[in-house]
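Labels run A, B, C, D, E and F following the written order; every chain starts at residue 1.
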């Protein structure tokens, strides 16, 4: 018998029943007493093409129902070492994006005040900026592992400072990032000019375009990143559109030629040992995901983040 | 301010967020202290054609998120008068249908011991028999309003006594029903012989075939039923396939030529004043319901049942 | 025990198994020895908008698996009185529409030579013309009950004489029809001029526009038609798009404001007593029918045609 | 040969080809020289439940490709009497709803300055308020025929004044409406209190709940409305969710028990003779409409609005 | 001209027509006279998460319609060397899983008595155990090539011995397997403990986790397996969920990070030369496969099994 | 400010609005004044299995809306160097395939007379033959890079010379090809005999089967091809089914084991420097592509062709 929350098991309740919380974990209204809090941000008003990420948290939770507690690949058993719960959704204002980002920052300040590590189910990528603001208030600037098809460093979109293409520009302006410890992986597609990817480089960021990842394992890449980050606090932001759409069709701004799921797992598993202070999985759009598999993969990637958090031993 | 549980409002949390409980009500593990308990039975192993009703409770809850507390048509405000919660799912044994029916009866005995009225989200129609067994243990035989495309009174299916085509035969054998107060409405389609519908008639049941409902209001029908039932305890079993598939495409044993949604609402709203001791909404199959609207309608029909329970005043 | 072919029963094989023939009937390569032959015509190269009817026969057969032998509404038990089988598909030339119509006529000449009544699963509506040519060769001109959103009497489409908008013009030119016994029901929508519907009227046909069917039973209409046809041989051509798309979403040339399924059943059941020499159900397009229900309804309507063929007693 | 723009015909280009404009009409950048302008407003950031209406204009245009110029039911031939074109979309700011409403008002002021009647493809219902502001500037207060499942008269949603549940409250505040000539038809479902529907009544509006429309023709209703409006300028706002979801599944805030398509056509056709100054069709959400039929019906309803505009003779 | 059954060719009947048998082969009621029998087992009551595999055999057959007789990659021409037919489905009892496994064993005993090699279209993975029981009765213990995301060696699920997570535990108990010739390939995901994969290892089985297959050809792996098996009789059990969900989205217990289709083809083609006595393809769930491609791939993999059966020459 | 047409930018109009032309470019009725013309051919009557490619051009245009002008991987900025527009669709005769091919040839003769390079959105693969006829009339025989799962060199299908399995046989007969500069890449699957792939080899063509592409970069392959072609005029024909269905599910004749999207991008990007005189992207079937991603990938691949046309500088 364990002292920590456990996911409701398949031998206690069929997997298609039970609470529709993340991994069928207990829910609680705040992060009090938690090591890790799963949080949903049901938002899509920051998206620029297809909508639908507002329903991401609901479907990620729904499709997380198959997840069992033990990681067969890495030997991680996070629920033996961490108190984890689902603390529900941030009540964003779906009619006002600018107010929503402030609601998010305030919500995460509360979570962090309890000492919990937030793992976020998005929602569109706009949400990472307000989370990073809260993270900075507690931890100072952080290293960033940002996996995405897009750089998301536009100064504005349609003249607006707040949108899903701008969060890392805003976070940079707010001194949330340790510039020489920022890593963007998987970028590709079409743009307006080379600056779309070079802006980060000009500020000391490491940008690994998707083409440089094709046909290979990414274990060396993440090993190098791990070394460069050292023991700095690090935030992981995983945009599901970093994956090629073959692996994650249900998203809004699709770019062919992306990462594989094997590379995604290598990257996240390779984060073990880092001082992770938070993470998110964004841009799952259920209306474009009739099988539910994109949400299911999103749930798995969040579980992989959980498995590499500080305090979870690795290995078999 | 009210002393009863309230659905989480759309001004407190966007409707696409919040807990995926029925109507975003609070959840609790038992029926203790409740007037009404919403219960899920995630089961489809009793189905004979398309599967998928195992996911019915999850999707009905998901699509119930739009439901607001007040019934604009009838003036019912159930949450002003009843303590209602979602008590989760019955942990059926998905590998053994015969064991599952006993699990269900035991679960409902517990609910009824708390004095709560159970409103069930199915799940395939097999589940009504074990519920009626528990109902009988508390209330004795009951009147039955059974709305369905099918009579569900087969002695056996494929040689088996337990299947979604047999619950009312089993309930009759178990003396769960007051035979002259049993009403089956909406029956139609193809069968093996006239006995499929006449068996009930031979036992005193009233069978109203779908053809006798076409092109008309059903207010007189339900008024007559209400009168015949009087103050006997009554159970409502609503099979979503009673509706024509135009209105409820997401189900497993589809029969064209069914009831309209307007008739369904008339029937349920016409139950106000009856001594309802339980109800169910069965046979929603999410994999055949890509828009989610069949589950949404199921959620609405369960809400309409809630609105006519004893203790809820009607009218504007 | 009966001497006729029977649909494979649900107690012998689960309904989701067994042969994917119409109603899980036996198949045979020709119509020899049959009273009624179900025939598929997998064709969509005559369609002018959405494609997909080439897959109609396959999905109608698949979704026919729920059909049991006895008609609960009318008491018809066709398999007690008729030898029925599925004789497979016509090998149309999918690269040449004009050749395909000749292939169809030749195929049906063979079927009719065996004395079988053909019931056809379409396929786009082009196919009715070549069938009527074969019918005429055997029976002479026939009465026609044509239920459709469209008149299908264009002289040409895109300059072509053979297309799904022209079959009844061609049949008229070929003297296949008894003009004062032609009935077109359900016509509506947009067109190029009043002639689209008036052409038939000018030739003695009775055209009942959909608007004249709204909000009412069609029993009187079909009773009148029955009287006017008398004992003339009659062909029934049922275009699934006659139904409002609420009832039959999976079709290619959708017109809102159509017939209801209750009206469709009234019309077909009202044909009992007529000297029916053939019938078809056309324009089911599976790619636009994710639930499969349009095909299922098509299968039911074909079964209703079977139930009113000469030799099948009605009534309970 | 006609002097007006004509929809591209099916004999010139297959219906699945050609420009994806409304009815395959010519497009032009402004309303100059037009009697009627079709306009898209690709917006869903005002929606409170399911998203997706941002894609409404694109799919309505796509599915309008079947529409031919002549109305077979009413004899209207709008392209013989009016110069009509598609002038594209309003460039709303998808990241800021409040700015978007001002963009819309300015855009429509331009359209109205050219003397064109705007027919709008939505987009969520928020858009009607800014259109009515522009209408008022030209025409003064107008009569309103508002067909919807919802009253859309909330003072605020989530504390916000601009949302798809508030447009008619805002329009009322802005003196856009002639209160005794406001008609709301089809309202139903759940709410927070009777005020949801009574607010309008208290201001002189006529509110016809859906229940009062069941099982009947609405020709008398619209005839009475026509008489009450007289020759006042009138705006028609058609929310597709007024239809029961059987007829229009692809929308965001679904309420069972709605109007039929036959009633919808009666209402719109019954507007002939009114002094219509504008109209919209809102809330089509393509991601919830896999067959495309909801958009197709939306396109048809817009065409019916076109057919009853001043200057189009009715009747056959 | 050949003496063996041939798939119906695309030049004789369009591929979207013809019988919906496996590869459009002739059907016959028993395995008499056959070298190879395709058999469907329409079962999903052993599944623990998503349902739907009951419809697997029907959709695999439907989507097999594109398969031509000659293997362009390997030069195999199985229909030149083997008499093959589709013998339909096993009439499982869908209401009782435990009875179904006995029905399956009896059915396969009959097939094997005719000397035919069974190739099975599933159906959930529960079915492999009863097949292996029949295989053992004829051939004694066999080598096993089991390709799957899961080990399927649970002692029980929800307390039950018969479920889709248990077949190889049951087969082991029944001495169906040659333990040092059991190979499990593709295992991954989450579990309850390391034992999930190590149990087999402890009994001498070779377990190749998915992670050890990433980014590489599997030709060396299968070559090694071939050598270790030698001329022992071997059974191939292919769970479609071994493939990464990018390649096979339509299945019930999805695990990201799986095998590629190229690896799957390498593995099956690498079985040429083995003494294969049977094979199955399981866990295709059509309701989660809207394009039909998962079933199509399942059909192809079964064809590849056919191409490596004893008696079929390889190579070009 | 540039003198060439530019795609409508996302900061001028939300990407889900604006004209549904290719890349939201301006449209014009002819190729006059253009360097490059995007052209749609809405045809599927040449397909032999699933239909739907008639809607390919519409959905490719719709999903092209995300494409920005600059190629982040290659540095190509085609709209800085070429005048590009969308000239709409070829008005094929959807009821007569043989007439359609002549319509296509005539249309392309007109385009080529203006000196524009045609980039074609299909449509089924039949269309390449009539395009190549027009190309030959202007350029003489051309080199061919044909990427496909199929050789498409059948002499006939169902006895017909014109079908989507025959275009390159016809083109060869018409002397459209420089035989030693024909390259077919990605061929695989099942066939009737080795000749299916060897026919081309016997005529000097280079055929690279899919199996020879697995697990590797294709940069060396395309480099070799580039060298062999030299400065001959070259036509690129890209059948979307060359991609494994994981990457492009929405097509009609699916063959597992195909190319990856990374290989596709390598092949097209590797064409830079060639004297490309035309290209097509064929066989996208929207009804089998519920997410729209196959069309989106098709749009991207056409953009990549644009980026390597003569006159577009490469590199960063």
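Keep this in mind: a residue touches a chain if its C-beta (ideal position, glycine included) is under 8 Å from a C-beta of that chain, and two chains touch if they have at least 3 such contacts.
All values reported here derive from a predicted model rather than from experimental measurement.
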If a chain touches chain C and chain D alike, it appears here: B, F
Contact-graph separation of chain C and chain E, given in steps at minimum: 1
Which of A-F and D-F has more C-beta pairs touching across its chains: A-F
Rotation in the CA alignment of chain A with chain D, degrees, nearest 5: 180
Identity of the chain that, by mean CA position, is farthest from chain A: C
Furthest chain, CA centroid comparison against chain B: F
Rounded Å distance, chain B centre to chain C centre (Cα mean): 37
Centre-of-Cα separation between chain E and chain D, whole angstrom: 55
Distance from the mean Cα position of chain E to that of chain B, given in whole angstrom: 40
Residue numbers of chain B (touch at least two other chains): 14, 16, 48, 50, 54-55, 94, 157-159, 215, 244, 246, 288, 290
Overall pattern in which the protein chains touch one another (line/ring/star/complete/other): other
Pairs of chains, among all present, that meet the touch criterion: A-B, A-D, A-E, A-F, B-C, B-D, B-E, C-D, C-E, C-F, D-F, E-F
In the complex, chain E residues that touch chain F: 9-11, 14-16, 65-73, 75, 215-217, 244, 246-247, 261-262, 265, 290-293, 296-297, 300-301, 303, 316
Sites on chain F touched by chain D in the complex: 12-14, 16-20, 27, 40, 42, 54-55, 57-58, 61-62, 88-92, 94, 290
Chain C-touching residues of chain F, taken from the complex the two chains share: 44-48, 50-52, 54-55, 93-98, 157-160, 162-163, 287-288
Complex contact set, residues of chain B against chain C: 48-50, 156-159, 187-194, 196-197, 209-211, 214-215, 244-246, 249-250, 253-257, 288-290
